[in-house]
Every structure is written in structure tokens, then in C-alpha cells.
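So that you can tell them apart, the chains are marked A, B, C and D in the order they are listed, and the count of residues begins at 1 in each.
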Amino acid sequence: MATAGAGDDPGFGTTKETTRLEAFSDGVFAISITLLALEVRVPDSGGPLRRALLEMWPTYVAYLLSFLTILVLWLNHHALLLWVHRMRGKVLVANGMLLMLIALVPFAATLVGRYLGTADARYAVATYAGLFLAINLAFLWVWRLVVTVRHRIAPNLPSAEARSIDRWLVGGILGYAVAVGAALLHAWAGLAVAIAMVAFWLWNAYRRHHVAEHEGEGGGSAGRAVKGEA
Amino acid sequence: MATAGAGDDPGFGTTKETTRLEAFSDGVFAISITLLALEVRVPDSGGPLRRALLEMWPTYVAYLLSFLTILVLWLNHHALLLWVHRMRGKVLVANGMLLMLIALVPFAATLVGRYLGTADARYAVATYAGLFLAINLAFLWVWRLVVTVRHRIAPNLPSAEARSIDRWLVGGILGYAVAVGAALLHAWAGLAVAIAMVAFWLWNAYRRHHVAEHEGEGGGSAGRAVKGEA
Amino acid sequence: MATAGAGDDPGFGTTKETTRLEAFSDGVFAISITLLALEVRVPDSGGPLRRALLEMWPTYVAYLLSFLTILVLWLNHHALLLWVHRMRGKVLVANGMLLMLIALVPFAATLVGRYLGTADARYAVATYAGLFLAINLAFLWVWRLVVTVRHRIAPNLPSAEARSIDRWLVGGILGYAVAVGAALLHAWAGLAVAIAMVAFWLWNAYRRHHVAEHEGEGGGSAGRAVKGEA
Amino acid sequence: MATAGAGDDPGFGTTKETTRLEAFSDGVFAISITLLALEVRVPDSGGPLRRALLEMWPTYVAYLLSFLTILVLWLNHHALLLWVHRMRGKVLVANGMLLMLIALVPFAATLVGRYLGTADARYAVATYAGLFLAINLAFLWVWRLVVTVRHRIAPNLPSAEARSIDRWLVGGILGYAVAVGAALLHAWAGLAVAIAMVAFWLWNAYRRHHVAEHEGEGGGSAGRAVKGEA
């Protein structure tokens, strides 16, 4: 792999390209996930602090749900890029679009935290679910670009792993489409769908990468090594 | 170590996984610790600047204490992951929960900076200490997941180091439980417990990793090399 | 390459220097691009949420355009540094100036988002285009410093790649000069120029690094391998 | 170097420790430097945009000066850690204190931007210069801890480089002490001292790391290779 070819190859070339893409993506993920907390703040209501802390519960719901959803997205972005050794302009651009949508999650989370419990809650949750629908579509775009040239840029990607990411993305797209529709009927219905999906994904992520007990150190195929995959 | 096994292994595999987990965690730590400073700001009081700078002392206390506490958490997170060479889904998820709580520290610090010296100070400090109680519980969860499979993912972790982190975490949980109780009686009592713990930890961190004088370059075991460990 | 020379060389020397410059630059790029989203927020208008979300369309335009422009800048910064193996004080300082201007993009984007559709729109867009004119001039400065000593710090940089970056930068400078002038005549004229440039660059980036079909794995020159370059 | 010793050594040990310290420090530097730009914003004055953009010139002065000063600090932090291969608890803690002060720079810059041209300008600039005085003292502390055990953790650090950093730090401490005093007499006098120092440092940084013309690729000592050092 990564055998530097002709004299005008940038030396430690493609490895370095992937590294910096990951660093940049990690930066956007880490900043977006941390900026979510900026919206958790006590309103200057003038009332006693204890009650103010209790009454801002929609903010906690929005924070918890958004943080865990970005965490799942990061875990899967991480899993995807783990197999990619070389880079393409197409993938860089598509990944940029994905990050552009992820950076908007604090905005959507603020909407939910501010409007949950009000008459506008339906539109707030529908916007929130719609953003994650767009994020999953962008993720599928990145993923399809990688898979199309996988024999060139991700030659070691096991088919089982590829199918697993496929399933996760298609499930996300369908789930958030349902969530948008449900939210327009009733805010909490849309939120329940979004919460159920994140809970399911976290449970799956928690069980993943569990190396089989009978395996030796560093041995075995990554494909076989992964247990508990959906 | 890290000997890439079968053909469908992601090449520089598990090392890369740990690297990116650290980069993401470092991002959240660095952003949370820097966002603390956003709360240090002069109120638009209209009075002279010199007095305004002096009267905002609770903000300085909250900044100093919170920054140093996150610093200690980062130092220990750093020490823990230093020994982990391979990754598990469980650890990634638990670490995400830990980061979710750490990202809330600026919120809790703002509460202390705004309410210290008011009638609501007790609830502000209790919330602050309660958040760090939850953070230490989450850290223990991450740590227990690592220790359970340490022969697979952290085979070189010395028992002395493991026991040291155990002691630190259990001490933190007990200490912050006491701090919550003390804060509900009197704000400054709770704050004093939190300050004492951070001072103790910093002092310990300052003395740690002190390579013994008689040791040769790069030689000796890390276990023996560390002096001044509690 | 990177053969550590005499005894007082910092070991893994110059490689490490480039790595940290990239990490720092990536940090500023990632934070600036993510902070753009902080300006996407619903005004406390009191009206219904659905209308408020529609009426803030200038904010969406500013966000989309600014995010994609910073993305293009990052892609090119990435492409430039990929070839640089050693570092110079000059390059570090000039790169710092570049980052100083990039960190101001959220400010300029806020101007556009707030004043588009008002009488002050012309000055807002002219400021926005003027900032990107300055950014392209700073980028050209960094680039010229690298090219001047390319046989020392970027010996593998192919001439085709060097000319491509030259063309991109000179095009950017001319384009944004036109955009400033157009904006002073009519806000949307200036904006149209800026949008056209980003669309053109993204299209080019999307096609770049496209390894030729007939090429073997890791073989071929990077120069020949790149198709679709302007 | 970095030859992993006994069985309970964390493998790629100390190298990794330095890497993560740098990543964390870079994060705090990059976030602080980017957050400076958050303070560059048009006040809701209601007047025409063109005049508002001109009248906020103190904000530009504060941004320019603060960004360039943090840039110089980062360049020197970078130069210092380039030579450090192993880590100490002492250095980690002292570095944390340094970062705690650097994260406050946006606060001090806001003071200057808001109060320059008002009756309170003297205290604003004195606070600003005082913060950089404290930063240089903390930097000297980190540096002294490194130098004390340099034969263990930075064996390749050339004496010329060590003396150069010494001079820079002592100069910074004296300079900012003068700046605090000057600021209390007249705001612009203090600011002039701060501007002069940053201009001098940037000029020096610009000339540094300039490899001698007669040198071969990768050859020569870093000590001899650096020209233009003060």
C-alpha cells in the first residue's frame, strides 16, 4: 500500500491526505458537539435558580439527543474512514457538504430546546428531523463515492462492513423521513422516532468491535472479529 | 503489537482508531476548557472599569477552579489512553458519555460565577459539584470497560498504574458526593471541598512521571520510573 | 527525505514542524467554518416559527456561501502543504496572517446575513468580497514563499501542480476585485460573482485527484494521475 | 531515542505523550485565536453600516494585536516542544497554567476593543499588558522545567536555541512590565510598547529557520542552519 511511485509524488502522500481530512472533520465534529452546550443556559428569569433549572428541561432533552446523535455520526464517520487509505476530490467535496450540515445541528437543537412545549414545537422538531434526514443523505453520498472506487482507495474494506454501513444509512434516511412526517402531526411523535433511532444505534455501537473471545492477539479478520453487528 | 493480521484488516488498524479517539476527545476537552473563558466578561454596568473588574471576582473563582479541574481530567484521560492500543465499541460509547458531561462544565461554571454571593449560591455550587460527580462516575465506567479487557486492549498497563487510577476515580466520586452535600448546607463549604480536591490532584500530577535519577535513558520500567505517586 | 542530519537536529525534525502547522491551521479552519453556524439563529421576533425560518433566508445564503468558500480554501491549503516537507519562519508568519483573515470570515458572513435586503447591502457584500480579496492575496504570499525555496522545502512539487495553484490564486484575486466593484454597484451583482467563483472551484475540486482508469495501484506520477484539472 | 524499555512501558510511549500535549495545546491556541474574531462585530447602532464599520476601529486594533501576539506565542511554543521528546508531570501542569492564561486573551482583547478611546482606556490596556506579563512568566516556568531536565527530555536541544528562548522570555517579561506601567500613564503608551514587541518578534520569527544557502538537503546542524536569530 501507499508505495510512493514516481518522483513527483508527494512522498508520504495519500496517508497524509486522509490524516488531515480526519483532523479537519474531527475538528468540525468536536466543535459542533461542544457548541451544543452553549445553548444550555439559565434564562434571566429573575425567579429562584432551583425552579429555573427544572423548567429548562426541553433544553436538556435537545442537548442529550443532539449530542448522542452527533456522537453516533462521528463513530460511523470514524468507522468509514478507517478503511480509506487514499483520497479523491469527490470525497473531499462531499465530506465538506456533510460537515456543513453537521455544523447546523446546534441551530436545530436550539430550535427544539426553545420551542418544545410551545405551539411551534411541531415545526421545530420537523426542522430538526429534516436536518438529520439531509445529513444521512449527504453521508450516503460520501459513502457511495467511496464504495464506487473502493478497490482503489479502500481495498481492505470487508463486504460485511460495507453492507453494515449501507444498512445504517438507508435506515437513517427512512427513519428521519418518518420522523419529519410524525413531527408535523405531533412534536413528541417525531421526537420519539429520533430518540428510538439514536438509542438503537448507540446500543449497536456499544456491541460493535467486540473481538471474539477465542481470538489471538492481533489475529483473525476484522470481519469475523466483529460480533453483535446488526 | 498492532501486527496487522488477515487481508481484510484495515492496515494500520487499531492504532489509527485510538489516535482519532484521542483527537476527538482532545478537541472536546480543548474547546470546553477554552469556552470557559467566554463567560469571563465585564458586565455592562456603566460604572468605572476598575471597580467592575474587581467586582466580578466570583467569575474568576469559577474560571480558575473549572479550568484546573478540566485540566486534571484531561491529564488523567491522557494517562489512561496512553496504555490503550486497541479499541472497543463499548469504550467509544462510554467515552462519548463522558465527553457529553465535560462539555457541560462551562454551563455549571457560569452558574457558580453568576450566583456566588447571591441567595441561590447553594444550588449553583451543588449543581456544579453534582456535574463533576457524574463526570467521575462516567470516567469510572470508561475505566472499568478498559480494565475488564485490559489483557486485550492495554496489555502493558502496569497494575500500579491501574490501582492509581482506581484510587483517583473512587476518591473523586466520594469527594464530589461530599461536595454536593456540603454545598446544600453552605455554598462556600461545597466550593472548599472542590478546591481542595483539585489542589490535591494538581499537586499529585505535578509530582508524577518523575523519572528516577538513577535511571538510564529510555530504560527502566514505567512503573518503577514513576515517583511520588499517591 | 527527512534524513536527520547532525546531532543537534530535533530528531523527527521538520516533518513534525509541518504536522503541527497543519494541526494549528486545521484548527483555525475548522473553528471558523463551524462558528459560521453560530450566526444561523432564529430572531426573537415573536411571530410564528415557520415564517421566521423562511424570512431568515439571507442568513442561509451567507452560511452556504461562506462555508463552501472556506471549504475551498481548506482544500487548497491542504493541497499546498501536502508537498511541503520542511518549514521556514517566513512561511509560518505568512500562514499566520492568512489564518488571521480567515478567522474574520464569520464576521463578514454575519454582515451579509444581516444586511442583505436592506439599504446597506452593498457595503456588506463589498466588505465580504474585500475580505476574500485580502485572503487570496495572503494565500498568494504564502504560496510565493513556498515556491521561491521549493527545491529545499517542497522538492517533489510537480510544475503542473505549482502552475495550477498559481492560476487558482490569480483567478481568485481578480475575481474578488471584480466582486468588490460589482457589489458597490449592486449587492446581488457582487454576490453573484462570489457564488460563481465558489461553484467553479468546487466543481474543479470535485474532479481533481481523479486517478486515471488505466493506472496501476500506487503507480504513475501524481501529475499525470490528476485528470480534469483546469 | 524513544527505545521502549521494559515490558510495562506503554510501547510508543513518550512520543505519544508529547503528541497529545501538542494537540491539546494547539487546540487551545487555535480556539483562543479564533474566538478573538467573535468580538469583531457591528454594534446595533442603527446608523449607516459604512460609518459603523469605520467607528469600530479600536476593535480592529485589538484583534490585530491580539491575534499576532497569540501567533508569536504559538510559534515559540511550537519551537520549544519541537525539541522535547519525553514528558514530565511538572511540564504538563505548568503548560496547563500557561494555557489557562492564553484562553483569557480574548477577554482582555475585548476590554481594549471596548474601552480604547474612553476614560477607562488606561485600565483596559494595563489589564491587557498585565495578562501578557503573566503569560510570559508562565511560559518561563514551563521553559525552566524543561531546561532543568533537558539532558533527559530534550537531549538534542542546542545551547544556542536554549539561550534564544531565554532571551525572548526575559525580554517579554521586562517589556510587558514596562507596558503595564506605561499604560497606567497613558493607554496608547502601553499599547505602543505592546505593538513594538510583537512587531519585533514577528520580524525575528520571519527571519528564523532560514537554512543557510550553502547547505545540502537535510544536512548541517539545526544550530548552524538557523540564520538571523537575535
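Here are some notes:
In the analysis below, a contact is a pair of C-beta atoms (placed from the backbone, for glycine too) under 8 Å apart; a residue touches a chain by one contact, two chains touch by 3 or more.
Here the structure is a predicted model, which is why all the values come from computation and not from measurement.
Common neighbours of chain A and chain C, by the contact definition above: there are none. Between the two copies, chain A and chain D, the Cα superposition rotates by 180°, quoted to the nearest 5. Taking each chain's centre as the average of its CA atoms, chain B and chain C sit 35 Å apart.
The mean-CA centres of chain C and chain D are about 25 angstrom from one another, to the nearest whole unit. The set of chain B residues that touch two or more partner chains comprises 1, 23, 27, 31, 35.
Taken together, the touching pairs link the chains into one ring where each has two partners.
Chains touching one another, given as pairs, are A-B, A-C, B-D, C-D. By the touch rule above, chain B contacts chain A in their complex via residues 1-11, 13, 16-17, 20-21, 23-24, 27-28, 31-32, 35, 86-90, 92-93, 96, 99-100, 103-104, 106-107, 110-111, 114-115, 120, 123-124, 127, 152, 155. Here chain C touches chain A in the complex through residues 1, 22-23, 26-27, 29-31, 33-38, 40-42, 48-50, 53, 63-64, 67-68, 71, 74-75, 78, 82-83, 85, 156-158, 161, 202, 205-211, 217-223, going by the rule given at the top.
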